[in-house]
Amino acid sequence: MIRYKKLGYVVLSVTDLNKSVDFYENIVGMEFVERVLDAAYLRCSGDHHNLILEQGEEPGLKRVAFELEKADQFQAVFDHLKKQGVNPVELSAEECQNLAQGRTLRFKDPYLGVTYEFYVQIMQMGTPFVPKKARITRLLHVVYETNKFDELFDFFTTVLNFNISDIQGRETGWAWLRAAGTPFHHNFALTKGKENKLNHLAYQAQRVDDVGIQVNRLKDNNVPILFGPGKHHPSGSIFLYFADPDGLTIEYSQGMEEFPEENPREPRRLEPTMHTLDEWGGRPKPGWGKVGKLIKEDLEKVNQ
Amino acid sequence: MIRYKKLGYVVLSVTDLNKSVDFYENIVGMEFVERVLDAAYLRCSGDHHNLILEQGEEPGLKRVAFELEKADQFQAVFDHLKKQGVNPVELSAEECQNLAQGRTLRFKDPYLGVTYEFYVQIMQMGTPFVPKKARITRLLHVVYETNKFDELFDFFTTVLNFNISDIQGRETGWAWLRAAGTPFHHNFALTKGKENKLNHLAYQAQRVDDVGIQVNRLKDNNVPILFGPGKHHPSGSIFLYFADPDGLTIEYSQGMEEFPEENPREPRRLEPTMHTLDEWGGRPKPGWGKVGKLIKEDLEKVNQ
Amino acid sequence: MIRYKKLGYVVLSVTDLNKSVDFYENIVGMEFVERVLDAAYLRCSGDHHNLILEQGEEPGLKRVAFELEKADQFQAVFDHLKKQGVNPVELSAEECQNLAQGRTLRFKDPYLGVTYEFYVQIMQMGTPFVPKKARITRLLHVVYETNKFDELFDFFTTVLNFNISDIQGRETGWAWLRAAGTPFHHNFALTKGKENKLNHLAYQAQRVDDVGIQVNRLKDNNVPILFGPGKHHPSGSIFLYFADPDGLTIEYSQGMEEFPEENPREPRRLEPTMHTLDEWGGRPKPGWGKVGKLIKEDLEKVNQ
Amino acid sequence: MIRYKKLGYVVLSVTDLNKSVDFYENIVGMEFVERVLDAAYLRCSGDHHNLILEQGEEPGLKRVAFELEKADQFQAVFDHLKKQGVNPVELSAEECQNLAQGRTLRFKDPYLGVTYEFYVQIMQMGTPFVPKKARITRLLHVVYETNKFDELFDFFTTVLNFNISDIQGRETGWAWLRAAGTPFHHNFALTKGKENKLNHLAYQAQRVDDVGIQVNRLKDNNVPILFGPGKHHPSGSIFLYFADPDGLTIEYSQGMEEFPEENPREPRRLEPTMHTLDEWGGRPKPGWGKVGKLIKEDLEKVNQ
């Protein structure tokens, strides 16, 4: 069974790389690490990167990468995915070195064609991550809107060994999942919709203060607030959503429920009300979760 | 030495009594108790009243009432005030009964002429106070702007036995005071200004959620938010200011520092910066603390 | 009996104010607060200042200031000093405001004529002190060399209520004293010598690492190391001495013994060996403790 | 699987045996045990020897010896090595007695030809080891520079059952290994280089004080300090490097990370920066790690 250390990083396609690097550094609060050609690496932990921004034609999500729990688990995970028919490819030593990672594999989910990456031993930077004004402490989760909800839900919970934290609706319309071995209420979530797209990307904020400070930082920098501050009922987290320069929805999430490894609580089926979305009674702005194509990478190129 | 149980209630003059009763009941979250002629009584505790609204010509503060720590202290406090030249008057038994209070005295401060009331044994209601949507737990403090700062500061700390929690500025321009025997960072505060007026009135909110809920309740009801949510540096409280129907500034305050009775920390002299006012970086709207006359009552009428 | 909160700040006379401000900010690691005419204020805590640098003719110590434990103790301390024949003068309200302090008194010791200041309620800055590369956490102590050892020792321990932490020698030649109410092994020390001068000034470093980092910072900036790293036997602290631009001796001190308020250990009479000075076997450079006049201020000017 | 008790001893070739014995006794702080012809035995534990110095033509490393966890494991280890094609030879009873050891085997690594020895039951001395001025508590590790990095890394981690504590670089250029069963961050480490040679040899110092004392002992005896005191990021140890009479690099290492037997942390891939080498910001002198041939012993002679 696959076990994970954490949601490691995502690759976003952005239409103005310089502008986006400035935003993720100065508004989101990450640290710029390096730029290689049309890709910029940023971090919000000791890792070499927790976000890669790539110059592209349109804004969207290109890859979601999880760090495996232990390095010596890599081959077994590779074999497991192969057996499941997922067709993983392992990156060459040179490709891994370019990413400052140890052994790394990639595959696509069979329904949306999004690229996932599992890796071990990402390079730890010599100096610790020091958050700017607002204290962000990790990349927390990725959420899709999808019309292949049931298929993806099944793929993540069976093939990829994600645990169910909560679901919502009579006919399940939301699922909050956590990769086996990780404690947070969700590092991946799905909501049923007409389209297939990125709903949002979330960073963990350390204190309620960091959410409060961010509200003013967004206002002072004319960054659109899309939803919140509010409180999500499923995870108990205080949230704040805002738009990146391309309109991608970014969340600050504070105080999310953490599950113990042993005897976690049962997943609940929650009522689909506005109160579930925001216990404090707010409503999202129209731009919330609206921008973000799920971009299909050409996996064949990986080993060229 | 005078010892207090709490800030008990205030009397506000409002220009449209019905409208204000509705506001303090449905927006602030108090419970309407009764209406006697042109006065309405509301509560946010087991007490018969923590707010009296009176129909008047202009909006303002008519009286500030503190409950004494013990009933048997009443006479000594009366004598002390008399000795200090404050000229207290004791209310008649009938007047006390009309107020649903035990022994009650009133006096004016010698500088602004505001009426203060000290009382014991206010009637406890048969049913507990059940907060509405947002959980308010008490009337917390009253703040004045005044051009008689030094005189009032001296009057409260020496004659009335208020403790200093914090002051601000090289030449002291803010003082946060707590009535001896009460734990909260301030139930009375002063800020130096050109005018003499009510700056604001505050209610304690129980949880951060109650502040978050209130933001949406205010927006949904088109109540102007004047400042916040933010965080006050002196008391460490999360705040939210909004306007009542007359424009009086009302605060929700959550998580204020509490002082122990034994060995409380020393008062601090704080730097007068925007960060001291709001650690989260916000700025008040122009209407913040702008409305609220300090109305001089005719004390002679008290005993008529 | 006088009780203290801490050694608050010292005033140094320096021959090139700009150069010294740069040194205390970038080499010692304090934060520059403001400059008023020929005086610069720096801090290493929430206080408005923990060091005042004044442009002068020669390098030296102009004033040593202690913060009293409680504000309401001020008058009693003033009266006590008066009764002891020390002739304290209280600063005017304007002088206190210029210093961003509450009530403040000054006096001279009767033997060397050094000015001491006792104050309450120094202004707390709106933003916390954030140490630079090396983490200094407080101004820790002042040490004199003096040929009036016995007289000063007596003055500090009887009139000023300093506790003895340790002494050294058959005929006492070193005394380490702590102001009553403060925990650190010494915030004031005396060593018997031919001259009367400042021996050194010390800052507390948080971790052994901060001493190690400072060694390299000094070397990289061509700052003379005068002694250490080493370990003082009396206080158990790891030390590092270096020269400021005028040659004044500055110490980083890490891990000093702290005394409990109740039942502190007895003072010890220590053997005067090199091992007492440095358990690690080092020896000071010739410049150690050599520069630093004790400058007599004209107290009459205080109230002009 | 081979399990170890510790890094037991090394054999160094030195060009002036008397001078080196004096150095390892009086500067490093070991205890001289005995001299047999051109070999001197020294110890820093209850063992008969933790260092053997042999008179030679040039300075270098002749042998690295590990003590196995249990005596009854000896034959299985011998068989395992044979099966792996390593060609171990077992010493005769007389040879073992000369070494004051129980059963002992030797082999060469297939890439550099360095001789390794695994032994059990080394003679325990009648009197405990009493450290001299500085408290050294064990021989801690050996580090090579090598142009056969990948091959050696693989040999140690697979054939010899060493665990990986940390690696460094995109293309791995440093590896810190610990013999299975031993807790310290590394008793063997490799760094990729152009040559094959000994980088350094390390002793554990008990306290920070022992590093501080050693600095002065080195200075007082004109022993070149090659690097430090500083702090290694990978192991968190405080280090001090100095030169033996032949220029071999010797380290004092204090406070190294220890791994639990159960659930040790995952190895990290560290960024190759100067900060990883020294968190305190120091830089090694040119002589650091420069002297020390890896001398190939003639294993055939072993059994003669």
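Chains: A, B, C and D, in written order; residue numbering restarts at 1 for each.
Operating definition for what follows: contacts are C-beta pairs under 8 Å (C-beta built on N, C-alpha and C of every residue); 3 or more make two chains touch, one makes a residue touch a chain.
All of these numbers come straight from a predicted model, not from anything done at the bench.
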item	value
Most distant chain from chain A by Cα centroid	C
Same-site or different-site touching of chain A by its copy chain D, using the half cut	different
Rotation angle superposing chain B onto its copy chain C by C-alpha atoms, nearest 5 degrees	70
Approximate Å spacing (C-alpha centroids) for the pair chain A, chain D	45
Whole-Å gap between the CA centroids of chain B and chain D	74
Between chain D and chain C, distance of the C-alpha-averaged centres to the nearest whole Å	47
Chain contact topology (line, ring, star, complete or other)	ring
Touching pairs - complete list by chain label	A-B, A-D, B-C, C-D
Residues of chain A touching chain D in the complex	5, 48, 69-71, 93, 96-98, 100-102, 121-127
Residue numbers on chain B that touch chain A, as the complex places them	208-209, 212-213, 215-217, 220, 229-231, 238, 279-282
Sites on chain B touched by chain C in the complex	167, 169-171, 233, 266-271, 273-276
